[in-house]
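Chain lettering (A, B, C and D) follows the sequence in which the chains are written, and residue indices restart at 1 in each chain.
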Amino acid sequence: MIQVGLFGASGYTGFELVKLLHRHPEVALRFITSRSQAGQSLAHLYPAGPDLPLIAPENAPLTDVDLVFLCLPHAAGAPTAVAALEAGARVVDLSADFRLKSAADYTHWYGVEHPAPNLLPEALYGLSEFVRDQLPDARLVANPGCYPTSILLALQPALAVGAAGGAIIADAKSGVSGAGRLPRQNTHFVEVAGNFSPYNIGRSHRHLPEMEQAMAQWSKSAPPLIFSPHLLPVPRGILSTVYMPLKKGWSEPTLRTLYEEIYSSEPFIRVLPAGELATLAHVVNSNRCVIGLSVAAETLILTSAIDNLVKGAAGQAVQNMNLMFGFEEQTGLV
Amino acid sequence: MIQVGLFGASGYTGFELVKLLHRHPEVALRFITSRSQAGQSLAHLYPAGPDLPLIAPENAPLTDVDLVFLCLPHAAGAPTAVAALEAGARVVDLSADFRLKSAADYTHWYGVEHPAPNLLPEALYGLSEFVRDQLPDARLVANPGCYPTSILLALQPALAVGAAGGAIIADAKSGVSGAGRLPRQNTHFVEVAGNFSPYNIGRSHRHLPEMEQAMAQWSKSAPPLIFSPHLLPVPRGILSTVYMPLKKGWSEPTLRTLYEEIYSSEPFIRVLPAGELATLAHVVNSNRCVIGLSVAAETLILTSAIDNLVKGAAGQAVQNMNLMFGFEEQTGLV
Amino acid sequence: MIQVGLFGASGYTGFELVKLLHRHPEVALRFITSRSQAGQSLAHLYPAGPDLPLIAPENAPLTDVDLVFLCLPHAAGAPTAVAALEAGARVVDLSADFRLKSAADYTHWYGVEHPAPNLLPEALYGLSEFVRDQLPDARLVANPGCYPTSILLALQPALAVGAAGGAIIADAKSGVSGAGRLPRQNTHFVEVAGNFSPYNIGRSHRHLPEMEQAMAQWSKSAPPLIFSPHLLPVPRGILSTVYMPLKKGWSEPTLRTLYEEIYSSEPFIRVLPAGELATLAHVVNSNRCVIGLSVAAETLILTSAIDNLVKGAAGQAVQNMNLMFGFEEQTGLV
Amino acid sequence: MIQVGLFGASGYTGFELVKLLHRHPEVALRFITSRSQAGQSLAHLYPAGPDLPLIAPENAPLTDVDLVFLCLPHAAGAPTAVAALEAGARVVDLSADFRLKSAADYTHWYGVEHPAPNLLPEALYGLSEFVRDQLPDARLVANPGCYPTSILLALQPALAVGAAGGAIIADAKSGVSGAGRLPRQNTHFVEVAGNFSPYNIGRSHRHLPEMEQAMAQWSKSAPPLIFSPHLLPVPRGILSTVYMPLKKGWSEPTLRTLYEEIYSSEPFIRVLPAGELATLAHVVNSNRCVIGLSVAAETLILTSAIDNLVKGAAGQAVQNMNLMFGFEEQTGLV
């Protein structure tokens, strides 16, 4: 049993994480914070939410907890990360602050100075399946972005083995919760219902550098990534359709065998049988990632689905916590 | 051909009205205003919208137009109404400002002093079908609310004939555009999709006094109204299910004959055949009101459907304009 | 630990029940059947479903189980109920077959002879909260309909105390899963999305007699019920808005106290605080029923929400099983 | 004014076409047919539909009409096309029967012998913008498929000029009406709402050969096409995101100029300004195609949106009719 605190409980990711932690058998949830809603119960914001008090972040007892989750906007959480680490707590940060290794890249993509660049070397990019050995010793984990989780899990086996023969295209579609709980014109029901919209396509979305950084770690000659996010009229879920031009010699059966070998023992990843494609219905409300695989015109086509709030955020954060503290990896997750 | 101006074109009602006026063969749309979006094209706000410039309201040439439509929040439009009337234009106000005859009632329900109480006696409550004779001479028309339009058109025949034997219940359900274009937590896609919520039920919604005022005009002994609005996860449309306890002697055939007599020549109202019920699919994107009628347990059950943005707002405003200026009533409407 | 079998696992209710039983700590799920899909895995029908084999109903080993759940169409399940009881198993029937006490009423409403009228006297109408004492001894439980569950739980306290002063109106709205999994024109996505439709309103829906039968048990002078179901464009959830004219002397505070007393210790029922209204968001994916309460124009207005597939079907069936076999009532439910 | 008949009015495409023809100023709609619904009014099937009688196809007076539209399943319409041509009428076929020039290809993709192979040489593939000169003399027009319309209009300028440097990927997303009105499991509201699903991806969808045939006409060295359709939880609209690897020397400004030149005078095609992306909201309920264009990683990224029932079917059919009979191209269309 560990003592846990959570900063930023009022947003969709924070709320999802509270629900997971609240029922986790190894976790005592000591506090949850919200700057704007301090003093309220979480049940006041979410009709089906647990009746837990939201406290102001400055009142959070950092020294009482073993682990802190940060569900704050980028640049807002890093100072809390610093304070938590100083108080002796470990940190899983769900913002983008510790994902990029280069402070300069961070500034380029996020438009602000990095608030704690000295922590960047230590931060572990927590795509759970590929850093399982490092998590037990990690003090600071950068939880991956939602799109990157769906795309990187799909790409890794083929990329690491050097199958990619040209620019990779990730055509990704996300439910609206990915845009956050703050109401905006583009998340108004009337604008979204019946509509479907691409945004920040090509090489302009902030999740791009995070993906290319991971790709470069897996392959010395990783090709460029074209990443096209779209807004789906559903509350949650991401489906990424990923196209990788193949070098000569790679066939669907060979690749299928490769994927099955790499992922067969993974509790949360499922490679679909030939002919089956990933859909949101496979994964919503679970920590699963399902991956479909086929080849056409010498191109590997991957369909990869996750729930953006679970495997794409809160669920993976819990999975990382489980691995950090030596709990069984699936504890508290479905 | 008349010269027309519109204040408040950026909201859902304003935009709907621009679309109707833009293609109306008897209208020259001289200006459309938006305080927050002045200088932009309407096409910038609405991808499918016409490329018309939004001007600041203070720059609107009031003296150039025959008619002004006001699609402004309550209390915001009344001063413009005054100015327009002084400039010689006629006015159709789509806000609530001129619907209630009593300035005290207005203050009670809307929480502010009435901005132009001296105009209240003159204002005509523009439920088109029942003020057709007065519209040609009206200078100032208060366009009815969306819920009241759907409920009053359903109630009128039975109420005016004295069939009501007890409190009337209007259980109404509206699409999200009725809540306006300004993004709010309760119109966020993630909050609305998959959900369904009552609000302001009983005798607490601002549309209640407007309905009881009309009911009192039609029947000296009108019973009280219980009005329960609900938010539907659809962009547009209102369906009201209305329950009227009947005095002895009223049967379904008698009432059906009554409704058919009153509405048979109405271009926009359709009384459904026995056994058929009103649905949103009957009316969305049209100025129609369809009404279903049945009797059970000595209670008249009416189902009444309109498009809240058309017959419940912009469409009825155009219908009123057509009648005010002597155009054929259906001109520019479907 | 008990041995359990389930007939009719391929429909929405059956699938929901499989999910609940599959993770229930006191249940060994011995078999699940499907006539049309026998030989398939349940995961073949539902992407997120467990990989359990569907067997033909005639191959079900009735003598091996302590309890059988029937998720079959009306009239189809009764013979299996007979066979299961003869084999020594207890039965929870989720169809309508054993809800009405009168075989003649059954024939009137369902259009067929009752398949096992001699079992009707024994069958217990399993609205869990009001038959808790009888469930431990029940051999045959008729699980209530989804609409009746939401409406009866809302009505019971006021009705049983004699507060009703006239015809009660239940204006109910249900998600599409209530219409079953078999594709029909009226459940086609294009027909439902953006639409909202009443159906079988007044006194014509098959759930009416079931409700009036329960009402008569609770009150010698129960008034008639007017019941108006509507189809909501959401996958799951029922919200019923119920109007009960009050006899003199009943105020909102008195009624609130009454409801809170009756329901305060119920694990799955929550009476909302004054001013709060029930919504689908309170209950979807849970076994909860939330009830809001207010009074206007001498009428009690109740808003009552459940998940039609959980408290309205599979969840209440598990709740009944828990009570029948002496397990803690909340086991396996949220 | 021409005399027109329509076969297959009960499906979504047929109904959309009836609505367009019913209000078209140059058309007298002489008959509409439905095999399954003959004898009914169209208003019986569609609550907002016009009250027009559906007749059995064998009763259609072919000799009375100048033009016949066929909205029938593939292989079902070709015999009617033969009969209509023999009776002296011209034909616009909205099925796939006359799109492929090769009867062998037709058999390969559609699994049946072509019903009228001798008509294939004459049939004109009616992508209106590119066969404007041939339409006035065409007797038999094969109306393009919905996906091909959105993708081919996006590809044509860059493809015809030889800019494509490798396999083209069309990641396309369609609303549910594209799957037809016949209820199926995969169009059940509960299966579609909240979900998003790819299907027939790669090189397996029947629209692929139709697109590659057109591509080959425009470019001697057209690269292969990878085509991945997805089912969107919206009633109508297609958005295709198309990726074309570019040969050296092609930049975004050059390509933008090219697209603007080719499409600037097109009444129904709009090339969006730099930075703007196509969305369904641009096009739903109109005959427009909007195209966004950008370049990243030496790849042209096109976003192309149409309404699948209008520009993707009924609207383009009317556009073709207008051009066949010398009416102004935009008549009856928005």
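We take it that contacts are C-beta pairs under 8 Å (C-beta built on N, C-alpha and C of every residue); 3 or more make two chains touch, one makes a residue touch a chain.
What you see is a predicted model, and the numbers here were worked out from it, not measured in a lab.
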Chain pair showing more contacts of the two, B-D and A-D: A-D
Of all other chains, the one whose Cα centre sits farthest from chain B: A
Distance from chain D to chain A - Cα centre to Cα centre, in angstrom: 39
Per-residue overlap in chain C, given as positions that touch at least 2 other chains: 191, 193-194, 233-236, 279, 281, 284
Of all residues in chain C, those that touch chain B in their complex: 166-167, 169, 171, 173, 191, 193-199, 201-204, 224-226, 228, 230, 232-237, 239, 241, 243, 245, 277-281, 284, 292, 294-299, 301, 303
Footprint of chain A on chain B - complex, ascending: 12, 176-177, 181, 183-185, 187-194, 233-236
Chain A-facing residues of chain C, complex: 46-48, 193-194, 279, 281-286, 290
